[in-house]
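Think of it as A, B, C and D in the order they're written, each chain with its own count starting at 1.
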Amino acid sequence: MKHGIKIVTIGGGSSYTPELMEGFIKRYPELPVREIWLVDVENGKEKVEIDAKMAKRMWKKAGYDVQIYTTMDRKKALQDADFVTTQFRVGFLEARIKDERIPLSYGMLGQETNGAGGIFKAFRTIPVILEIVKDMKEVCPNAWLINFTNPSGMVTEAVIRYGHWDKVIGLCNVPVIAMMKEPEAIKKSPQDLIYQFVGINHFHWHKVYDRNGKELTQNVIDALFEGKDIGLPANITNVPFFKEQIEQMQMIPCGYHRYYYRQEEMLAHSLEEYETLGTRGQQVKQTEERLFSLYKDPELDYKPDELSMRGGAYYSDAACECINSIYNDKKTHMVVSTKNRGAIPELPEDCVVEVSSIITGKGAMPIAWGKLPSAQRGWIQCMKAMEECTIEAAVTGNYGLALEAFALNPLIPAGQSAKNVLDELLIAHENYLPQFQAKIASLKAQGIQIKDPVVAKLVEEGK
Amino acid sequence: MKHGIKIVTIGGGSSYTPELMEGFIKRYPELPVREIWLVDVENGKEKVEIDAKMAKRMWKKAGYDVQIYTTMDRKKALQDADFVTTQFRVGFLEARIKDERIPLSYGMLGQETNGAGGIFKAFRTIPVILEIVKDMKEVCPNAWLINFTNPSGMVTEAVIRYGHWDKVIGLCNVPVIAMMKEPEAIKKSPQDLIYQFVGINHFHWHKVYDRNGKELTQNVIDALFEGKDIGLPANITNVPFFKEQIEQMQMIPCGYHRYYYRQEEMLAHSLEEYETLGTRGQQVKQTEERLFSLYKDPELDYKPDELSMRGGAYYSDAACECINSIYNDKKTHMVVSTKNRGAIPELPEDCVVEVSSIITGKGAMPIAWGKLPSAQRGWIQCMKAMEECTIEAAVTGNYGLALEAFALNPLIPAGQSAKNVLDELLIAHENYLPQFQAKIASLKAQGIQIKDPVVAKLVEEGK
Amino acid sequence: MKHGIKIVTIGGGSSYTPELMEGFIKRYPELPVREIWLVDVENGKEKVEIDAKMAKRMWKKAGYDVQIYTTMDRKKALQDADFVTTQFRVGFLEARIKDERIPLSYGMLGQETNGAGGIFKAFRTIPVILEIVKDMKEVCPNAWLINFTNPSGMVTEAVIRYGHWDKVIGLCNVPVIAMMKEPEAIKKSPQDLIYQFVGINHFHWHKVYDRNGKELTQNVIDALFEGKDIGLPANITNVPFFKEQIEQMQMIPCGYHRYYYRQEEMLAHSLEEYETLGTRGQQVKQTEERLFSLYKDPELDYKPDELSMRGGAYYSDAACECINSIYNDKKTHMVVSTKNRGAIPELPEDCVVEVSSIITGKGAMPIAWGKLPSAQRGWIQCMKAMEECTIEAAVTGNYGLALEAFALNPLIPAGQSAKNVLDELLIAHENYLPQFQAKIASLKAQGIQIKDPVVAKLVEEGK
Amino acid sequence: MKHGIKIVTIGGGSSYTPELMEGFIKRYPELPVREIWLVDVENGKEKVEIDAKMAKRMWKKAGYDVQIYTTMDRKKALQDADFVTTQFRVGFLEARIKDERIPLSYGMLGQETNGAGGIFKAFRTIPVILEIVKDMKEVCPNAWLINFTNPSGMVTEAVIRYGHWDKVIGLCNVPVIAMMKEPEAIKKSPQDLIYQFVGINHFHWHKVYDRNGKELTQNVIDALFEGKDIGLPANITNVPFFKEQIEQMQMIPCGYHRYYYRQEEMLAHSLEEYETLGTRGQQVKQTEERLFSLYKDPELDYKPDELSMRGGAYYSDAACECINSIYNDKKTHMVVSTKNRGAIPELPEDCVVEVSSIITGKGAMPIAWGKLPSAQRGWIQCMKAMEECTIEAAVTGNYGLALEAFALNPLIPAGQSAKNVLDELLIAHENYLPQFQAKIASLKAQGIQIKDPVVAKLVEEGK
């Protein structure tokens, strides 16, 4: 790591890259980056070049001597990397649109990290992340992998369990936003509060205390039901929780819990968007196009405000903070996806959980939570099992296990429609699912057609 | 226990009573019953008297000197009992009809042991079973409680956890029927097969082996997909499972798994019945009326064939077999609801599970199964947590916990409709839910109406 | 298995072979043995021939047509075997004498299954059993392995964990003797009692109930303190337990618990024997010589009474009963070493425990015990960890782990003497410890001498 | 907590009080103490007065306005306390001398926190701490209890499990000293190192890493075997560990592990002291007398160097640091006794462990360690079970459980001598063991005499 840090960003052509740059620039005095490699695939070349130019302008403005490289040759980029961040999206936003629209065409939720969509994002991403780990073992065996490709928890678990790579931390912006917004909602400053989070990615709860150890969880619950913003990600509709339920649990759910605690309304909202202005992926596609047209402006040398409107805001900043904490052994409190180690004693000791952790020079040290009440325990055990089936199916291409994951997923009502969704998604994502090739061929031979016209067109166009 | 065994049957006015009598008569040579007390509530008096007369004819025909008593005074009946069997139904079949129709009126499943219906059956039954246990502690502290009131697993867990009564075994006819039908389906005789069951009530899987230890699970799966009867209870529609899923798990699901693995179709079927010939409860009501008109026949002195057509067939026979095994320390293999003790190591050690057990003079000794695959583990952990919330809410009347149980239940899509179902069920069952009185009063004050006209009428009539 | 069962007995030249023959003869009507192969090593040839002739006389007298073969070619014998029993002793009784005398020469216990002796018996036996399993995979992949070579629990765990062979059951005569003697001591007949055992090999406790489920554990404890024989193996000195301790635990300890609960006195007794008439191994050597001189008698065609005086009596009969239960799927209750599967939830799910099990055509199905009180839990967790270190050291030859096993063993006070015992035992058993060759060579190079003159002489003689 | 913090120190007459004062003075700028109450019993009055005067001089010199009070009325002192520290010693140093000498008179270890001595220190201390907690519930329900009375782990567990008081942290100086000395031994500065500790009080291991996450555990092991000081407490003889064992475990044991890994030598050393210059307690008594004669000097206004020579050095400083971290929510890394919560997943979730924790305004948040290797797992499970038996016996006065604790304790060879030690200790500590009064009376009636003349004399003198 002499003469500064080498960062490699897989999926460098993401619209979040300027946020990442901003995060590194802000921390440069303590985090001396030497070079940043933006890696992408051939189809992402245009965007990564735009990002790279924008990045160069941002660094130039900041006055730091940091080199920005772009390449389609991942292994070359990884050579001697210190930190590898992953923000790639296999199949681009078109894949997300498929993940959303096919389930919705059968009347079920198709969110990109929850429901059938999340399962398929795992199916596409896990084989790629395992290839990245394979490369890292060869050319940068001491590097840290900071993943923020979703589904972040499952991707991180795949890296540890199947990639046998322990130097990995999975990130999520949801806890970041909560800890940013809640203090205001209860009229406290962030440094006055003690947080403890427990759960798995996009499925965690937390409690809050003041510096005297007095629990303020109920205060946040009150603020929530008074309509205050306690950190709902931009991509999640604000359906209210049931007050009696949240007060009974005395824990603050995350925004994504709406999909589980208010499934009916969240589905209705998604169906409405599906039938009118298009799914979130379709909306984001437009946002992204706007963003890249902004980025192209040779005068723009700072992160535009529009970026914050995306659901993933602060993800990249969290990545920079995490890298900073590792590099400087800052022992910061962050909520990350890491190996359980007993922190949630009722989940397997070696699975990945998302909990309050201390980020040190040796990585994340998870804080033990202890036993959960029945309901939270049951939910999280169910979700973890669903993740395990998904990850194993992603690695093996086992169709029966994919059916098991679908059946276990609380957002997918099991039955013929669910099977149709599974089958259509396999066909729609054919190009990115080598592990399922035999099954896909057999499904196509059966003449299975994709019902949703938007997706059918995308597939026809080879996207 | 000198001079023969004293049996007390709570809910003695059930239409299953003749099966119970048949079971005792068949086993009399080794199980010397002295007297049987049929206990019921005032509203069940007519039926219990019919049952009692029928029972007397059956015993007379058998030529054994056994006294049959009826009473509405439970505590008097329990005095010095040796075995207490529970087959009561709080609120009669009208309650079942409410459990089924209110959820279906919102488009969700309302089965009597699964979904919202099962939760409410627990809410009504658990306070009563705890009263029974209280009586037993006073007047027959050495008796065994053999429960076959549904939801059998939750009722048994309530007895152990909240009643602090360990001499209890919960029964289910589902495994009995499986072990009765499967051998024929794979052309084996019952004594040639070794069974091992694992799970919880109405949610278990099993494996089969021949006497040489060769696993025959796949043979049963094949038979199942060839359309053979492998023991589907009469009350469950025969929607086929997905073959790839079952073959992947290499375990034989129980009939009730259709509600979870083919939720869509099971719901569609229930909705169709709801809208046409009436729900299962309504059908059973007719069957039951037919049965009692048969029982009234002063010439009838044997269990009529029609009884076997009900979903609960063989329940009472299982109860007799269980009593026989305890009384004679027969060490029979039975599948019963009993304290886990590690048999399923991934569930709480002190919860109730339904597993292969050896029935001895000291009760059920559960056989340890070991670790389950991810999917089965996740399902059962989720279901057990849902049961725990349900049982605790049944004991405490905590509305927030009831919401938690509803949200966790895989057959209830969480949201406003689910909350409406909960609220309407509370109102509809008002007479049998003392623990929820305050909440019910507040709901009624809000002017909440019952949507389903059949149920609304029942409630109006005070049933 | 057509035309009768083929039995292969490794260590066929044991003095217990006549008991094994008697066991098979007694059960012939339901257990149709066709041929028995007695396998031994070159040095055991004389004894195995004596045993074979004796066996032939016994079978002839019984009038059954069973062939007896002897061979030194194990793999040939194993061809198409149905059941393989293992009763071999690596290094013969001379090895036992070393196991006993070296620790005693440093003032610490050297019992053959407990203390340093037991650890070394595992070190010698485990590599051989893994070779046997390797052969079985090739030539009799459907056979059952019934192990009664000590330390039976560790040997069985090695077979499952490192040999990856699940069709194995480990046997012990200690529970057999308890269930044989206790009924008499409390004036009951064996069929009146229900037993449940929990623990690991030579370290288990049990409870007793009558057929009505009434616990009789205290009655057995009373009988024990009244001096009645409740099944103490012949090789264990009868030092009384502390009554307050046993009454507090309300469980009946096994005979071997004396080494742990009365360590001081058991050590004193062993030291006395060591200094006077010789250790148990030396005594047994004489018994064995007497037995073989009896067996040589061409007129002797039944098991002589003298055999019952050895500590291992009924081991072989238990083996026959176990084989019978598997072959005929008898579902007998036996206490065997088998995979835990949660039966003792506080031990690893996949370790080997010795618990009440049902022996079926598919092997042993362990009965779940549930949580243990603190003291019993702590003992058994400590002992199991010691076993795990021992087994792993036996497989890998890791000296550091051997030191860990020694330190953990409650009968070995850690320190320089313990290390000397370890080193001397390694040197003394050099011929049977290929996995430790490098360490042994280095110890010999350091000039380490064996202190005990008897052992020194055995080593000098190459025994 | 307005107008500064109120500290109450139970056992205020300890010779460590000046260290405690020094600790508070050093931290005054961020930890504004208002008043300190030194509480002691009548027999400790002289010492507490000396301490109080000395404390006043120290605070005066520091120039801070802090009031020092002494009282024998504990409850009065506790009124509205913010932090309660406990450093009392029931029975004074005479009790320690009994704890040490009686076991040694039977040839077994009698250390004050390990072996029989530690068990009896728990027997005497736990009833008193539970009384303190009872008072705190009444008069200072928001206070934190910072315990450093030994055996610190068992005392803390008793407070949580039997006192139902969660605002407690148990302290130990052993990890403090390790983290103070090791950096020097491996030529690093403390802030360059990342530590993680796992275990229970006086029985923990740790690993060390540099800020880049590189493990340095082997470097510390090397330093240890090169004879460097890595933080051995002053009261523990420096017997070397076995290098092969420590290298195999790849964890750094604590100083107290010598009693378990080198039991023979540690016992020999204690016996030698016992027979010559007197046990540690006797030596400490002299040190303490010297210290108090120093403290009497009206000119002395700083902690004298002699205090650091005691084994407990830095305990009080750790207490101040802990209070500071809670008060200021400093999120410091400290190694403390706190509720497990899964941090060591193989111990009960609700027991007390001593692990790396983050000390916040809401108390200690333990860092999850994950699974331990077999040997460490077995040791710690055994020790925790021994602690559980001890604590329960301390609360209930159950003699059978005391026998169980003795038998489980690895430093006590079970048998008649152990029972004699137990009985003599009961008699010797009669004045401080109300829970065992019936048993003690019965032992005295049997005429049991104390063998050790020094202890016999102390008892005769009523000490």
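Observations on the structure shown:
Please note the rule applied: a residue touches a chain if its C-beta (ideal position, glycine included) is under 8 Å from a C-beta of that chain, and two chains touch if they have at least 3 such contacts.
Being a predicted model, the structure only gives us computed values, none of them experimental.
Common neighbours of chain A and chain D: there are none. Between the Cα centres of chain B and chain C there is a gap of 46 Å. Taking each chain's centre as the average of its CA atoms, chain B and chain D sit 55 Å apart.
Chain C and chain D have centres, each the mean of its CA atoms, that are 44 Å apart. For chain D, residues touching at least two other chains: there are none.
A list of each chain pair in contact follows: A-B, A-D, B-C, C-D.
Touching chain D in their complex are the following residues of chain C: 242, 244-245, 247-249, 260-267, 374-375, 377-379, 381-386, 388-389, 392, 398-401, 403-405, 407-408, 410, 413-419.
Every residue of chain D that touches chain A in the complex is listed here, in rising order: 1, 167, 194, 196, 209-213, 215, 326, 328-329, 331, 333, 339-345, 349-350, 356, 358, 360-363, 365-371.
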